[in-house]
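There's a structure below that I have some questions on.
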Amino acid sequence: MNSLILLLILVFGGALLSYLLNKFLPILRDGFVVLLMLLVNYVFFTMDSATQIEFEIGGIHLQWAFSSAAFLFGIIVSILGLLSITYSTAYMQGKDRLGYFYMNFLFSIGSMLGILMSRDLISLFFFWEIMTWSSYLIVIYSGKDVDKRGLKYIVFSAIGAYSMLMAIVIIYGFTGSFLLTDIFDSIFAIKASYQLAIAILLMIGFGVKSAMMPLHVWASGAYSGSPMSFTALFSGALSKMGVFGFSLVLFNLVSNQNWLINEIIAWLAAITAVLATFYAVIQSDAKKLLAYSSIAQLGYIVIGLASGTYLGVMAGLFLAVLHAVFKGTLFMAVGAVEKQAGTTDMTKVSGLIRKMPWTFTASLISIIALAGIPPLGGFVGKWMLYEALITSDHYYLVIMVFLSSTAAFLYSYRILFGLFLGQEEPEFAHVKEAPLPMLIPMLLLSGISVLSGTFPGFILEPIQNAMVSFGFDPRLPNIEWWQLSVLFNSWGDKVVLQNVMISITAVFLIALTLITWKGYKKQRYVTTKDISSSGEIIQAEDNMTFQIDFYKPFERAIWPLLKRKIDDYYTDFGNGLEALFDLVKRIYNGNGQFYAIYVMAFLALLLIAGTKYFGF
Amino acid sequence: MYNDNNAQTIVEYIKNFTRKNSLFMLAYGTGCGAIELPATLTSRYDAERLGVRGAATPRQADLLLITGYLSTKTLKRVIRVYEQMQDPKYVIGFGSCTINGGMYWDSYNTIKLLDKYIPVDVYINGCMPRPESVIAGFKELQRLIAEGKADGATKYKENLDWYRENQKKVLKNWPLVEYNW
Amino acid sequence: MNTILFQLSGALATILLAFTVGMFYGGIRRKIIARIQNRVGPPIYQNFLDVIKLYSKDTSIHHGAMQHMGPVFAITASITSLMFIPVLNGDGWFWFKNLNFSGDLIFLVYMMVFGSLGMALGAGQTGNPNSAIGVTRGLSQMVGYEIPFVMSMVALMAQFHTTSITGLMNIQMQENTWLMFSNPFAFIAAVLAMLGMFHYSPFDIVHAPAEVASGPVSEFGGKYLGLMMSSGSIFAFVKLTLFVDVFMGGAANLIELVIKTFALYLIPVLYGVVSPRYRTEQAITYFWKWPLFFGILAILWASF
Amino acid sequence: MREKSTTIYLGPQHPGITGNMMVKLQLEGDTIVKAQTHVGYLHRAFEKLIERRNWMQTTTILCRFCVPEPDPPEAAFALAVEQIEGREVPERGKYLRSLVLELARIQSFLLWYAGQSGSAGLYTVGQWSVGDRNYVLDLFEELTGGRIYHMYIWPGGVRRDIPVGFKDKVLRTMDYIEKRIDDYDRMIFDSAIFQKRAQGVGIINKEKAIEWGVVGAPLRGCGIAHDVRKDNPYDAYDKLDFQMGVFEGGDVWARAKVRQFEIRQSISMVRQIIQNLPAGDFLNKMPNPMKWTIPAGSAYGKVESVRGEFGFHVVSDGSDKPRRVHARGPAYVHGVSLLEDILVGENLADVSFIMNSLGVCPPEIER
Amino acid sequence: MKTSFIKEELLFQQLATAFENVVIEIVRKETVFVYASKEFVLPILLYAKEKLGYNSFSHLSCVDWIENDEFELVYIIWSPETKINLFVKTRIDRQNPTMENTDMIWRQINTYQREIREMFGIEFPGFVGEKEFILEDWEDVPPMRRDFDTLEYVNDTFFEREGREDKQDVRERIAKRSGEEIPDFAKKYSRE
C-alpha cells in the first residue's frame, strides 16, 4: 500500500479505534496510542521520499506527496506527536472523556500530516479544517472558561479559514487548477495586485495559526487552556503549520522580488515578538507565560523566513524545529508541575527543585535553549538570525529582535524561579517527581536541545534539503553531521560551536570540581527557612518568596507600551457590535456541526461570488 | 608571629595573614556604640585601611561587633546572626556595657556579661569607646588572629551546651534552629 | 598535541592575567574612591586578601545544588567570554591568542548574559527575598542597558561589514584609526551602556545595601563569594578588553592594554563616586532615552 | 496561613535601617502594601533606672536617650526641672546651652547628610560629612570632655565654662563647615538623580501631619511653620536671629531642603552666640548633688532637636529621686505609627530613604 | 512670678464654663493643669482640639502613685496660637486599671497607649494595636510599675561580672603586658 495512505489510515483509523478502546477496553488504550504513534513514526521515517499519490474526486485533481520542506515539518509532527502522546498517558491519568481526547489528539496529528502531504489546495484546506476542528475540541476539553477561550480561537480560525478559502477561490479563478505545482508555475502570470491580494489572504489564513500580530489574540487562552500534553503539540507542531504555510507563500507565491511584503511581515513579526515578550514578562501563570513566549518565538521564526536570505531562512526553520523541542519540553514540564503540585500559578507554587529535580533539569536546559544562551541549540538559531539580519542590513529589526530576546531572559528566569526556586513551603512537601512516561519525553527533548547546540548538523541538513526546494543553493559543507561545527555568515565571520561547548563544559566542570572539593566536609546544606532574614526569626505566616508582580519595575518602565492590549481593542470592537457578537456566539456555540454547516454555506457563497466576479 | 608554642605552617600563616587583613564587619548596630562606627570608617580614622569593611549579611561577614549594651530582644537576634556567620568568625565586645553591664548594671532588659552568651575575642572598654580605641581593638584582634588565638567560634562549638543553657536562661521563647557545626 | 598544550597554557596565562588585572583594578577603584572621600583607603592588593580569605573560610553553607552551581555558572561565563576575546592586537604576544574564532560579537553579548542568569538561578534557590528582588532588578536593568550597547555594536558591524572583534581590530589597524572616532555616537552609546554593565553607582540598585542587603549575593559566603568575586574581576577585565578592542584599536602589548583599559575603567568609577543611585525603572528609562538616541544616531551614521 | 505578599524584614541587622529596629514589609512587586514597625531592640529601661537614681545621677542617663544628638534630652530635662524648681539660669549659661544645642544640631545635620545621601547610594557625601563632623565633635571634646556624650547641660546652667581660645576655634570650624556644606549641596541637591529620587516620595500632607503629630523638619517640610525655638523660646533663642525653613510639598525633597536651610541657620546662630556671649556665671549655685531634692510637681520641658520636638515629662514627688521621667522623642511619632502609614504604597527602594528623611532614631523610641 | 497670665486666664475661663466637674490650675507660664475624672478626659480633649485649637498632641504619660493605689495618666496638648501646654490629668484605679481609648482623636496616641499597656498593664478597651511593643516574651509584672524590682530581676536572670577577689592594683600588670611605663604621678593613686 502507498505509505502516505497507510499513514493517514493508521492515524485516523487509530483515532477512531482509540475512542472505541476507551469505551470497551480502557486498559489497552494507553499502550495502543503509544504503539500507534511508534508505528506512525516507523512508517514516516522509512517512507520513500518520492512516494506520491494522485487521484481525482468530482473532477478535482488532487495530489499528495511529501516535499522536503514538508518532510522537515513532518519530523516535528511525528516525533513530537509520539512524545506528547507518551506524556499524555501519564498526564491524563484519571481524567474523564479520554476517548474524546485521544481521538481528537490523533485527528490533529493526522490532519497535520495531511496538510504537509497535500500538494493541492483543496486537500490542504480540508485537512486544515480538520486540524482546526480537532484542536478546537481539545481546547474546550477542560470545560473551564470555554466561552471566552474557545470562542476566540474558533472565531479567529474561521477568519483565517475564510480568507484562505477566498484566496483559493481567486487562485483557482486565475489558474484553473488546485495543484500547487501548477499554481507555482503560473502564479507570476497574474496581475501583481491580485498576486498581492492572494498573498495577503493566505498570509492571514496562516498568520492566525502562527499567532502573528494582530491575529495572536486567541493564542494565549487556547495554549494555556488546553491540557498541557496537547499544548506541547499545539505550540510545538500545530502552530508550525502556519509557518509551513508562510514558507509556501513567501518562497513560492510571492517570491523574493516583492521585498515590501517581506519587510512588512518581518516588522509585524518583530512587533509581535517584542510585545508578546513583554506580555509574557508580566504574566504570573506559567502556562500563560509560555503561551505568550510561544507567540514571541513564532515571531522570530517568521522574521527569519521573511528576511529571505539563506541564513535567515535557515535560522527561521532551525528555530521552528527547536521551538518545537524546547517549548514542547517546557509545556510538558509545566504540565508535570500542574499534575504534581496542583497549580501552575507562580504566585502560589515555589521551591519544587528538590522535589522534582529531573523536571527542573529538563526545564533548565530548555530555558537556556529558549533564551538563546550558548552552548545550547537556541543560540545557534539566534546567532544565525542576528547575522542574517545584520548582513542583510536590517539593523533596526536586529534591535527589535534583540530587545525581545533580552526581555526573554526576564520571563525565562521568572518561570524557573516561580516554579522551582524560592522557599520550599510545607504545603508542597508532598510533591513527588513526575512519573516516567512524563519524564522520558522531557529528557529526550532536552537532550535534543543540548545536542543541537554542538552538532547542529543533524537539524541543519534536513533544513537545507527543505531550502533547496524553496530555491536556495546549498551552502553547508559536504560533511557528516557531527563534523559540522563552524557556521559562517555572508560576510565570512564564523562561530565555532564545538569550541564553545568544549570551553564551557571544561571550565564548568573544573570550577565545579574545585568548589565542591574545597572544604567538602565542612559544607552543609541548610533549608531555605534558614536564611539571613536580617537577624529576625521567620514566622510561619511569612511568605519569604518573592512572587507577586515579579517585574514591577520593568512593568513600570514599559507601561506606555502595555497600557492597552490588542485584546482590549477587540473587546471594544465586540462591545460596540454587541448584537453581532451575540449572533456570532449563537452560531459558534461550540457545536461542530453548526460550524461545519456554516463553513459549507460560506464556501458555497464564495464559489458563487467567485464564478460571478472572476468568471470561472 | 612564629614561636615554639604555636608553630604555624606556612599555609596557616598565609591564611591567618589574609584573615587578619580582611575583616568583613557585619552591619549590625546593636547599641549606641554604633554611632562611632561611621566615624571609625570615615575619613579621619578610616578603618578600611586595615582591611575592615562592612558586609551586609551574616553569610559574608567575619566580624560581629556588639556595639554596646545588648537587650534581651536583641540578644536573640545576635545569637541567630552569629550562628549564621561562617567560620572563622570573631566577636568584638564594644563598650563597658558588654563587659559588665556598665551603667545598665541594674536594668532588667540588658544582659550584663556578653561572653556568657557568645564567645568574645576582644573587648573594647569605654563608654563609648572612641574611634581610636575601636581601631586599637581591631589591631588587637588582628594580633590574635595572626597568632591563631582568635578561636571564639571553636570555643562556641565545643561548649555549645553551656552557651545554650545560658542563653535559654534569658530567652524564654526559644525559636532558634539547631547549630551543629 | 603541542598546539593544544600551547593553547591551554596560553589560556591559563590569559585567565591569570585577567584575574590579576581585574583584582588590581578593584583595589585601585577602592583606593580612588577612598581618596575622593578624603581617606587613605585600603592597599591596592586588598581585593586579593579578601578573595584568599573568602576561599580559606572553614565552613560554608548552601541551600541546594543550584546555589552550589550559581557561582560556577558565573565563572564559566567570565572565563569563556575571556577565551573568545582577542586580548592583544593581531597575533599579539603568542601566549594570549586564546581559543578565539575571531571573537564573534553576538556570541559575546550572549555569553555575557550566561553568567548573570546562572548566578540569578543560584540566588533564586537561596529563598532569600532580597536575592530575588535583586535579581529582578538586575535583569530588568539589563534589558535597559543591553539595547544601547547592542545598537552601538550593530552600528559598528553595519559600518565595517564584519561581526567579529578581530575584524574590527584589523580595520582599525589598517586604517590607523580608532572606532571611537570613526563612529563617535556608537562609542557614546556604548560607554553609557557600560556604566550600567559595571553595576557601579548610579546603576547599583541590584545590590544596593540600604535596600536589599546585598541583593543576589545575600546568601553567598565563603568560597562561593570568593568564586564570585574572582569571576567579577575577570568579567570586568573582559568588558574593558572588549571595549578597548572594539573602540580603541586594541592593544599591541600588555602595557598598552593596561593603560587603555584603565583609562576606560575610570569612567564608571569616577561617575559612580559622585552619583546617587537610580531606581530600577528610572535606570531603564534613562537607558532608553539618551543612550538609545545615540544608538539610533550611530546606526544612521553607519548606514549613510 | 501564609501571606500572599512577600515578607521582607528590614532590620534589625540590615544596612538600610537607621539604627537597631525592624520594619516588617509586605511587598507586592516592589511596592509596599503593609509595613509594621517593631521596636524594643534598644530598650534599656532608662525610665525605670531613673527612678532608682538621684537627680544628679540622672544626667548621665539622659544623654543616652538619643545617640546621634545627645544634648536636646539634657536640655529638655533641665528645662523641666527648672520649671518645677523655679530655678533661674544665668544669661551666660543660657547662651552656652544654646551654643551646645546648635553645635549638636550641626553635627546631627552632618550625620543626616550621610544618612540621606547614603541611603540614596551616594556614599561620598556621607564620608565627607561624617569626617567633617569630627571637627564639631572636637569642639565638644574640648568644651565638655566627651565626643558623643557630653552631660554638659545641668538644671541651672551648664557644667563648665568655655576654655581659652574656644571661641576662635568655633568660628574657624564654622567657616570650614559652611564651606564644606556647599560642596555637599552641589553633590546632593544639584544632582538630577537625587531630585528624581526625592521628589514626590514619602509625602505627608498637612492634614496628615497634624493628625499624626508630626514635628520638626518633616512638619516644616509640609509648609507648617512650627519650631519650639520660635514658639516657646527657651535658653537664648528669643535673643537670636534666625528663621525657620518652611517648604511646601511634604516629600523627602522638601524635608531635605528644610534641613539644607537650617544647617546654615544653625551656623549663623553659633556665630551670633559666640559674638554676643555675655559675661557672668554659667551655672546657678548648685546644692549638694547627693542631697538635692526637687519640690513636688510636674512639668513638660521641650526643645527642638534636629528631628523635631524633644519633650520630657518630669514628675517629682519631693524626694531626692525623680518619680517619673517620660521622654517623648520625635522618632516616637515618626518612627512607629506614622512610618507604618506612609510607607504603604511606596517603593522598597525608598524605605531607607524615607526613614532617613524622617529622622527615625530607635533609641529614643524605646529608651 | 511677675509675668501676667492673660492667655492662661482665658483658657481657664473657657474650660471652666465648658466643664463643671474639673479642677483647673494655672501652674506657671504657658502651663495649665486640668484634673478630671477619667470619663471627662475624652470630652475635654475633644473640646480642646475642636473648639480651642489645641490641635497638637505632645505627650501621654503615666505615673504610678503606688502609695495611693492609683495610676495617673497625663495628656499634654499644645496650641499653636496660645502656645500653652495643657495638661489633662486623670487618676485611675491601680487594681484592674482601664482607660478610655483616645486614639481616634490623634492617631499618634496609638503608640503611647501601646507603650502604657505594656509597661503599666493598663488596658484600653476597644483599642487596636499590636500586643508586643517594646518587650518580648515578658512574663513578669509590667516593668514600669513601681512594685517591680529591677535589681532583683537582674540578680535572678543575668550573670554579674565578679569583682577581683584580691582587690589588687593590676595596673602594673597591665602596663607590663602592653610594655608601657606607669608615670610616677600616677603611682601615688595606687591603692596600696
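For reference, chains read A, B, C, D and E in written order, and residue numbers begin at 1 within each chain.
The definition used in the following text is that a residue touches a chain if its C-beta (ideal position, glycine included) is under 8 Å from a C-beta of that chain, and two chains touch if they have at least 3 such contacts.
The structure presented is a predicted model; accordingly, all values stated were derived computationally and were not measured.
Undergrad: What chain is most central when centres are computed from CA atoms?
TA: It is chain C that sits nearest the middle.
Undergrad: If we define chain centres by averaging CA atoms, which chain lands farthest from chain E? Would you check?
TA: Checked the centroid distances; the maximum from chain E is A.
Undergrad: What whole-Å value do you get for the distance between chain D and chain E if each is reduced to the mean of its CA atoms?
TA: That pair's centroid distance is 19 Å.
Undergrad: Could you state the distance in Å from the CA-based centre of chain C to that of chain E?
TA: So the centroids are 58 Å from each other.
Undergrad: Return the distance between the CA-based centres of chain B and chain E, expressed in whole Å.
TA: Going by mean C-alpha positions, chain B sits 35 Å from chain E.
Undergrad: Using Cα averages as centroids, what's the distance between chain A and chain E in whole Å?
TA: 71
Undergrad: Do you know which chain D residues sit against two or more other chains?
TA: Expected reply: 6-7, 12-15, 27, 30, 40, 43, 45, 48-49, 52, 127-128, 131.
Undergrad: Of all the residues in chain A, which ones touch at least 2 other chains?
TA: 522, 524, 529-530, 532-536, 544-546, 550-553, in rising order.
Undergrad: Mind pulling the residue numbers of chain C that touch at least two other chains?
TA: Within chain C, the residues that touch at least two other chains are 37-39, 57-61, 129-130, 133, 136, 209, 213, 218-219, 222, 279-280.
Undergrad: What are all the chain pairs that meet the touch criterion?
TA: Chain pairs that touch: A-B, A-C, A-D, B-C, B-D, B-E, C-D, D-E.
Undergrad: Per the contact definition, I'd like the list of chain A residues that touch chain B in the complex.
TA: 522, 524, 529-530, 532, 535-537
Undergrad: Which bits of chain D are touching chain B when the two form their complex?
TA: Chain D residues touching chain B: 12-15, 19-20, 40-45, 48-49, 52, 60-61, 64, 67-68, 111, 114, 126-128, 130-134, 137, 147-149, 363.
Undergrad: Residue numbers of chain B touching chain C in their complex, please.
TA: 14-15, 17-19, 21-22, 24, 27, 42-43, 46, 48-51, 53-62, 85-88, 181
Undergrad: Which of the residues in chain C come into contact with chain B in the complex?
TA: Touch residues, chain C against chain B: 30, 34, 37-43, 46, 49-50, 52-53, 56-61, 130, 209, 213-214, 217-222, 225.
Undergrad: Per the contact definition, I'd like the list of chain D residues that touch chain E in the complex.
TA: Within the complex, chain D contacts chain E at residues 36, 39-40, 43, 45, 47-49, 51-52, 83, 210-213, 226, 231-232, 297-300, 302, 309, 311, 313, 315, 323-324, 326, 328, 332-333, 336-338, 341, 366.
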